[in-house]
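One structure coming up, written as structure tokens, with questions to follow.
Each chain gets a letter, A, B, C and D, in the order it is written, and its residues are counted from 1.
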């Protein structure tokens, strides 16, 4: 709305004035029909009403209604199709349900859009008029005309108004107004703040994260009773269904996981940790180990030997047996195959 | 012609009368606000106690999972329909006597919808997780289940709340403009904002009237859909006594019936406190009484149809409920309800002198509302206390926590109404003027 | 009857032989021990809030001296068309592919419509937070969530046992054998009145017994298609 | 109110920041690794320990699910012959007795003279004090213990021989008259094996075998088989009892006889079997039973027992016609002054029906035990008459030391026996139970023993079984408190009195020694292997038990009518106290059992009195009213329960509640009906006739509080349904 040098004339009339006649006179005085506004405390029926520009309101409502149905379809049908969860044997997308929800959203969007259009239209029309005399509400009529400052139209219109019986005519120059936008939005922002804060509070409760029951590895840790043997005990050797590969492979795998860092990849006792230990880890290929039976190696694995810790808690009995067999195979003269390659 | 002229001159008097409540604040008013605030505080305290310790503070137990909170929710939604029904239908039928009544009724609508929403929160077991009901995108890829009648409820009540706020606000714009020019102080900037710079030009009037003419039928349709959905909350279940096809129309008519009662109360109170005898005339009470007779007859017919089929059909699980109401544990509230919402209205409202007697209409309004509250409770509780497996039959009576919270909610409603009456002119000023002009023109 | 879906190998169901049930309620205590069900105490029990996922209903028939007491173990029937599922606004109650009516505790906001809609009153509600005097909480089963107040709970056919059996069977590359997974109540019932198994497998014991001419289903006329079949008592 | 654009942007930014505030982290969960890895515990994986339940003397095999050292759940051991993988409610609730909040945490001593409060003391001091008393008692020692078996029984016998004391078993649910009748009839000490699973026609005289009787789970499993176990046969079951008990509810027919006339009915049945139905049954026994069943007037019997003669004839005809008839007696039949005689008559019926030793009948097996278990010594039962004699002895100036192990005579014996006076008179009392119950609170020194889930032991079933079973008990969790194994306490006491009592280091080793020595001559390693496999299996059960051929020695010669205490006019009704089906005599301290609704009345957390609706109407009593029940010994009050399944001249009350000191869940809850019991004993066995008291009832006008599962929170729920279809319009 660039500031223009214009003048706004206000004429106050008695309620029983013939509005149509006044309007004709002003038009006759050279003012275009569009810039004459008749102000009244109540809607005047029939003739005095100005034509309304722009698309009729009911079209907006109908269009908004269709959009509303689309929104309803998305919410009820679209989401159900995206996250299909069976409930009560009912179809994932149930037509009557989608119908009801779409009906509601249609109404919602239609009414809200109609309202917003009305607000825009009302703002648009009354922004052209600058001044409103409080006495209109006490049973007076008023006519507001906007005329260019320069030129004789203003004087001609003022006369026509006095002739038509105006009680009081005023004129006011149109001022520049740009801060109204901020004026409008400031209170809205302050409204936003509490809502954002309230939203923040909600995400803070931790239902059922703190369980009364003891989760695994939660303090205080208890030990199993001495002497008792559970049904599927780890400490008792049992004939095992050969689920994984042969015993050698399992032994090798366990060796790689548990023993390599001290006894070295080949079992020579030169593992990466060896230099830092007080006593060097045993070389598994020396003859002392070769002389040991599988059971003895199994014993060392179970109880541990001087620096070496007991693996009773780490490995089950069968795992220790596989490991013992593998260690034995390391130091025993490997059965030389026909092609001379050693059997590791 | 001179009467029209008299009307024009009298507009100043109308402004003065109808804007009077906005300006003076009497000692009695402050006392009323104080004690209402105390009641609301008690209710809020009881609610926090219930949230803190658990919803076990109520007297609910299996098989009774719904009780007084849902009964209050249905009651307040029912009362909220009065506003839309009266202003909507009366505007559609262009009944002249609607003018002073519409805004009083619409204000009730807004407030009771809010209280209804609040009752839902009282009812939730984990109320701090209410936002699971909102369809917001989340990484858990889970969404509210729109197949549940409660989600229809959520959508419908949200739509209804927004629509009725708009329907209240539109006719208020001219009155805000009028108030903007006459009331100073902290309310002036708010009025300025809310009046959208209203000047009263014919084009604005035309836009406003078309908007109201468009939204009126829509909001009546929304009103009917919302209370049918509230009815379907019960209709969709397998509970004997709830699963009936008549429940939707029955709820809608019930809503209007209790709504009209509440409007009658509103009219009498506003008229009595502000002395607006010549605005709210006996004629209004008479017309309201006529409407009440219509709703009473329809409601009686629907209720009789429902219970007749149960009684004649003699299905054991439904008969048990009927028995518990007619002769069993719930006989006293049942017969009190029958008297309050059917017998007294039919007996008294049919004779014109009673209808025109405001105090009578006040008592009738109060009676109908108490009766309808008990009726909602009797729709919910007896069927739940008599499930099909007789082993689980039980009893229920609200606990003191529930009663405190619900009285707090009622006090909050009245408090909001009383506070709003200081901010919004209770009778639509321009419609009053327009009405008088029309009357004078005839 | 929801049709047996080939893709999904399991559809769990139970048979209750009323001719064997003596009302000894070992199943009730076993269920309390397995599923961390709270001790509600006298006051809460008097208010009708004692939580039992399975209860033995006793109905009197006849007058003294020829009076009879008939027992009816009632638990969640895991219905095919469960009335409690579509009414939940937040999907806290839905039907799993293997035929269980699942109750998601973290999702439930306590609207309690499912409680109303269950004709068997099989759903229980947590009105207050549970409390165990120390050191009773040592006994709580870590595989089952301890529910807080505001949440609906019900029999889950000991879903933690079913899932463990699923994992075990997948690990060994086979289907779950008939009778391998048993809820706590079925396992401890002295007279073996409760039988649990896969209704998709016609040769499983539960399918065979369900076809017995003594078989009936509780409140079958409501069309809920319950997964629990009762066998009529003969005396 | 002008806000510049810039200020507005700042406000919006602040709002956004506020929204991002709440990153409140959940509480940190610490994972605590083991310092020394535990060889059995894998985090998140359960260990299953096979053990034997010790909540009652049946000894069912259990598997205890333990997660990281905490017992979570008890389940039946599928391989165990007693319960075949099943468990009763009490067995399932045993985990709560392990973690019971009121368990004694360390030995305590009470100074009788001073305040009487218990102060904690060390184990050495406790053992020292008790040993000192044992030494100075010079043989005047009485030990009352729950019935033990296996190694603990042998150890206790040896200990008592060593200190020269007298040992009595005491168990309120022991049905002593039945055992006496069996030993008089068949000269055999142990309980036979009633083969329900094989029977096709069962007549039960008051036997609560589906509630808590001898071995409830094995009878439950057998009943299941009797009903639906066989494709073509469905066992028929008739129950004869004044009250419709839980067992009667599962019967095809319930016959409500007048209390105390079970024996008379048996006579009538025997007479009919010998005369009218004789062609069905071989009557080689006719001679020996002629005296008893011969001269009997059926009409007289019909009047006495209030059972019409055609009912009696029908019973006899069906009994004789059945292929595997079985007659069992016990429970209610044991609670009268003619209990033993009635039971001998009832057992006589089995002899008449020639089902002794037959499948589906009464089968006797050679009682077996591991070597050196001293099975030849029989330990006498502490009957109430014997307790009265003991009291007389103590009061006549010869008080001796009293040792009490895991039983509560002060509460379970009727108060008329004045057990509290016996405890007061004793020179010194020591108690070894886990809880401070009524008896322990009168003791001078209390030494808590391990819970059975924390200790070692073995168990030989009380009743004979087709499979020779010995089950083992191993700890599933480490002991929670400073308690000791009962066996260890006995060993230490013995060594304190006489050093070098037994070479073993601990009771666990003693059990292992008994078991491994029993495996015969195999190498040490093999013995260890056998021991481990027994522990994993939960015991040892060879499948063939050697049947014992038994002949009916001395048939009963006469049957006296039951006598009742209290004047007929003043006290017209019979009091019928029965062990509560959920808690039994000693389960009141467990919250799960308190909360378990009694299936018939659906009442929980309290005591009630069951009255026939007609009688209640006559006295003007409604459901839930407080009723005063009065006998010549006193009066108590309890809420009334209208109970259609009881004779009009009988009022029944559950026994098990009314504790004064038994943990927070039982103390001060409910009322003990045995307070009304007037002293009357069964002639032969000396057991207290709890059913021999006459009472009067009257409404007090006050409303009681009945906590019901059925029709919850309904204060005046009539149990008898008003027929909803009754036309009212």
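The criterion applied here is as follows: contacts are C-beta pairs under 8 Å (C-beta built on N, C-alpha and C of every residue); 3 or more make two chains touch, one makes a residue touch a chain.
On a predicted model such as this, the values are computed, not experimentally measured, just so you know.
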Margin query: Going by C-alpha centres, which chain would you call the most central?
Written below: C
Note to self: Between C-D and A-D, which chain pair is linked by the larger number of C-beta contacts?
What the structure shows: C-D
Checklist line | Inter-centroid spacing, subunit D versus subunit C (mean Cα positions, whole Å) | finding: 29
Checklist line | Distance from the mean Cα position of subunit D to that of subunit A, given in whole angstrom | finding: 61
Next item on the list: List the centre-to-centre spacing of subunit B and subunit D in whole Å, with centres computed as mean CA coordinates.
Entry: 64
Check: Quick one: subunit A and subunit C, Cα centre-to-centre, how many Å?
Finding: 37
Next item on the list: Find every residue in subunit A that makes contact with two or more other chains and list them.
Entry: 85, 87-88, 90, 187, 207, 214-216
Next item on the list: Please set out, as single numbers or ranges, the residues of subunit B touching at least two other chains.
Entry: 59, 61-62, 126, 129, 142-143, 145, 147, 151, 390-392, 394
Next item on the list: Can you tell me which residues of subunit D touch two or more of the remaining chains?
Entry: 1, 44, 67, 70, 710, 712-713, 721
Check: Based on which chains are in contact, what kind of graph results: line, ring, star, complete or other?
Finding: complete
Margin query: Per the contact definition, I'd like the list of subunit A residues that touch subunit D in the complex.
Written below: 179, 182-183, 185-187, 189-190, 192-193, 196-197, 199-201, 203-204, 206, 209-210, 214-236, 312-314
Next item on the list: Write out the stretch or stretches of subunit B touching subunit C in their complex.
Entry: 53-56, 59-63, 65-66, 123-127, 129-130, 132-133, 142-145, 147-151, 154, 233, 236-239, 384, 387-392, 394
Margin query: Applying the document's contact rule, which stretches of subunit C touch subunit D when the two form their complex?
Written below: 17, 19-20, 22-26, 28-30, 32-34, 39-42, 45-50, 52, 55-58, 60, 62-65, 67-69, 71, 133-136, 138-142, 184, 187-193, 234-235
Margin query: Can you tell me which positions in subunit B touch subunit D when the two form their complex?
Written below: 59, 61-62, 189, 311, 314, 316, 319-320, 323, 326-327, 390-396
Note to self: Quick check: in the complex, which residue numbers of subunit B touch subunit A?
What the structure shows: 1, 4-5, 7-12, 15, 126, 128-129, 131, 135, 141-143, 145-147, 151-152, 155-156, 158-159, 162-163, 166, 169-170, 173, 177-178, 181-182, 193, 196-211, 214-215, 218-219, 221-222, 225, 229, 429-430, 433-434, 437
